[in-house]
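Both complexes shown next keep subunit A, but they swap its partner, so subunit B is in the first and subunit C is in the second.
And then the complex of A and B:
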């Protein structure tokens, strides 16, 4: 199983490195959105709930670009059939795709979070970064689990570009709420505190539930 | 090796395969003829475990489908219209990926690359290669894991006579493998066959040993 996941993940990252179809688009979208917010709000800086909301809604929509592309090469170039013909555990594909999406999100955030700090955020990012990192990791796990499940379902339909976001966004609303509430205390101007443990717990629980659901139903999505 | 009894496969309401029954022994070659949409590709995909039969009994490599599909995978080599290779990756990267999925040693990758004479172009992205070269890479992919059963959907498309000769030991009669071949070429197809199946609108219109087949019957399938 580990070797299969490794082979699938390596292939996934190689294809992305060669095509640059997902990560650059996601990053560019996020930075552009921050610029638009910067001018649309007519404010040089935001803080607290407002800042957390802007960050997480932007990251969510940027993530959707990656989710929509996740299985396209496999569907268009016969990768699904090749995988299904191999004597391997089908959950390996779920794990490899989720890990790939997690990696794409990490790169997106490497670009987007500093850009957010520079363009919009009022309090300095430096001190709160370790706490924010924890929230980002928990939210990314949820986005990767749900995104992979939805992408596998949507790619088999003709309206995959529409169906992906339509299915994923409602399922990801709790992730955005949890991540925004958890990170909001990190962005207050006076005396920023740590993330709210209650919301971190909620995020972790949601990750666990959707991780298990994805594992349980993924095989059926690949089956004829 | 392959036993079909009343196989039915539907796409929605339409029956793509209706009441197909046949028996193919190990080492033999079944060639399937029929016009576009006759059900040839669907039959190959059912045998490859990629599509579930909707009725009838299907036994491949002495295993019942779909229940024992897991035991059939890994023993079947499918060469279809699509090469099942990633265009952005090189032939070597593609084959190494498939070798890992099938638990095949990497030495075998070099062996099949040499067999289809792609060793010197194996580090170029597949999208830069000609269709014939991609087809040769697909042959290497389909035979990488030394499958017992080959399912070949018009395998010689895009191959010139020299390339066809090149892949003969891998997918030809001399490979010694059990084969199911879909073909539009009556003379070429018959020369490969032990058993001939003709499909019309998903129904068997012809099922005979090759010695008993009148080439006119094949031509009739396309009218």
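And then the complex of A and C:
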């Protein structure tokens, strides 16, 4: 299992490195969205709830771009068939894709969070970075689990580009609630405090429940 | 396909269920308007509670039931379970629209706004409706019928599990601005609680009856199609 996941993950990352189809687009989209928010809100800097909202809306929509493209190559170029021919556990595909999506999200945030700090965020980012990192990791696990499942569902449909975000956004509302509420005290101007435990708990519970559910149902999407 | 693949048309059961529903709804309405006392704070408007809350409960139970039937479909691979799951979710969507409309009217009447973000149950309900609104677009965007049933089942299971978790997350996120009038039925006066229970039974019966009618209609159509195919019409 570990070797299979490793091989699949290596393939995913190699394909992404050579084609650069997802991650650069996601990062560019995030930076552009910050510029759009600057003009749409007519504000030079934001803090508190507003800052958390802008950051998470941007990250979520950028993640949708990656989710939409996650299985397109496998569907169009016969990757699914080749994988199904191999005598390996099918859950390996879920794990490898989710890990790949997690890696894409990590790179996206490596670009988007400093850009957000530079362009829009009023309080300095430095002190609160460890706390923010924890929130980002917890939210990314949930987005990767649900994103992979939804991508696999949507890729077989006629309107796949439309259905991916339509399915994923309501499912990810609890992640947005948890992540935005957890990161808004980090962005206040006066005395930033750490994230509240209940929001981290909500995110962790979501990750656990939907990680397990994705694992349980993913096999059924790969039978043909 | 032989007629053995389809269970009998549930004719007798359907008749009994229909009669029970037709009897239960006027009884529930009579209790709501003539038996239950007028609530002190909200007055007559509070009567919508006997429609709105049972609708919401039946809708959510229908969604979760659809998920359980989808689990049965994936385990047994019987098309019937997928059909039941589809009908349960379809009917819940219709009841859900009713819930949102009655909830909106109630919010307008008691708080002065059509939409209230501080009421976590209403907000969670909207999110769940938005999610289930993609069930049919997803289902009918897949052509192969076997794959369609399988993918719809996966969606129904994930969404069914999402229902309770979403309620938890939204409830956590809301500070209670409004006093929760009649938040739970445990502190209702006995006359109101009885009326509420009868209304709940009536709405649940209505849901079950409509589901059975839709199931029977779908099965008859499938039967007709397969019969006309064997007879060579087409």
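Criterion: the second predicted complex is superposed on the first by the 224 of 224 C-alpha atoms of A that agree within 3 Å, B and C clash if a C-alpha of one lies under 4 Å from a C-alpha of the other, contacts with A are read in each partner's own complex, and residues count from 1 in each chain.
Please note the rule applied: a residue touches a chain if its C-beta (ideal position, glycine included) is under 8 Å from a C-beta of that chain, and two chains touch if they have at least 3 such contacts.
Here the structure is a predicted model, which means the values were calculated and not measured.
In the superposition on chain A, contact of A:32 is made with neither subunit B nor subunit C. When the two complexes are overlaid on their common chain A, residue A:88 makes contact with subunit B while staying clear of subunit C. Of the two partner chains placed around the shared chain by superposition, subunit B is the only one that A:7 touches, whereas subunit C remains out of contact. Once the two complexes are laid over each other on the shared chain, residue contacts for A:18 go to subunit B alone; subunit C is not touched. When the two structures are aligned on the shared chain, A:77 is found in touch with subunit B, with no touch to subunit C.
Contact with neither subunit B nor subunit C is seen for A:43 once the two complexes are overlaid on the shared chain. Of the two partners, subunit B and subunit C, it is C that touches more residues of subunit A. With both structures placed on the common chain, the touch criterion links A:220 to subunit C but leaves subunit B unconnected.
Legend: residue contacts after superposition of the two complexes on their common chain; A:209 is shown touching subunit C, with no touch to subunit B.
On subunit A, the surface patch touched by subunit B in one complex and by subunit C in the other comprises residues 223-224. Those residues of subunit A lying in contact with subunit C across their complex are 149, 153-154, 156-159, 162-163, 166-167, 169-171, 173-174, 177-178, 181, 198-199, 202, 205-206, 209-210, 213-214, 216-217, 220-221, 223-224.
Residue ranges of subunit C in contact with subunit A, taken from their complex: 74, 127-128, 130-131, 134, 137-138, 141-143, 147, 150-151, 153-155, 157-159, 161-162, 165-166, 168-170, 172-173.
Put simply, subunit B touches subunit A in their complex at residues 48-52, 70, 73-74, 76, 78, 80, 82-89, 93, 97-98, 100-103, 125, 141.
In the complex of the two chains, the subunit A residues touching subunit B come out as 3-4, 6-7, 10-11, 14-15, 18-19, 73, 77-79, 81-88, 223-224.
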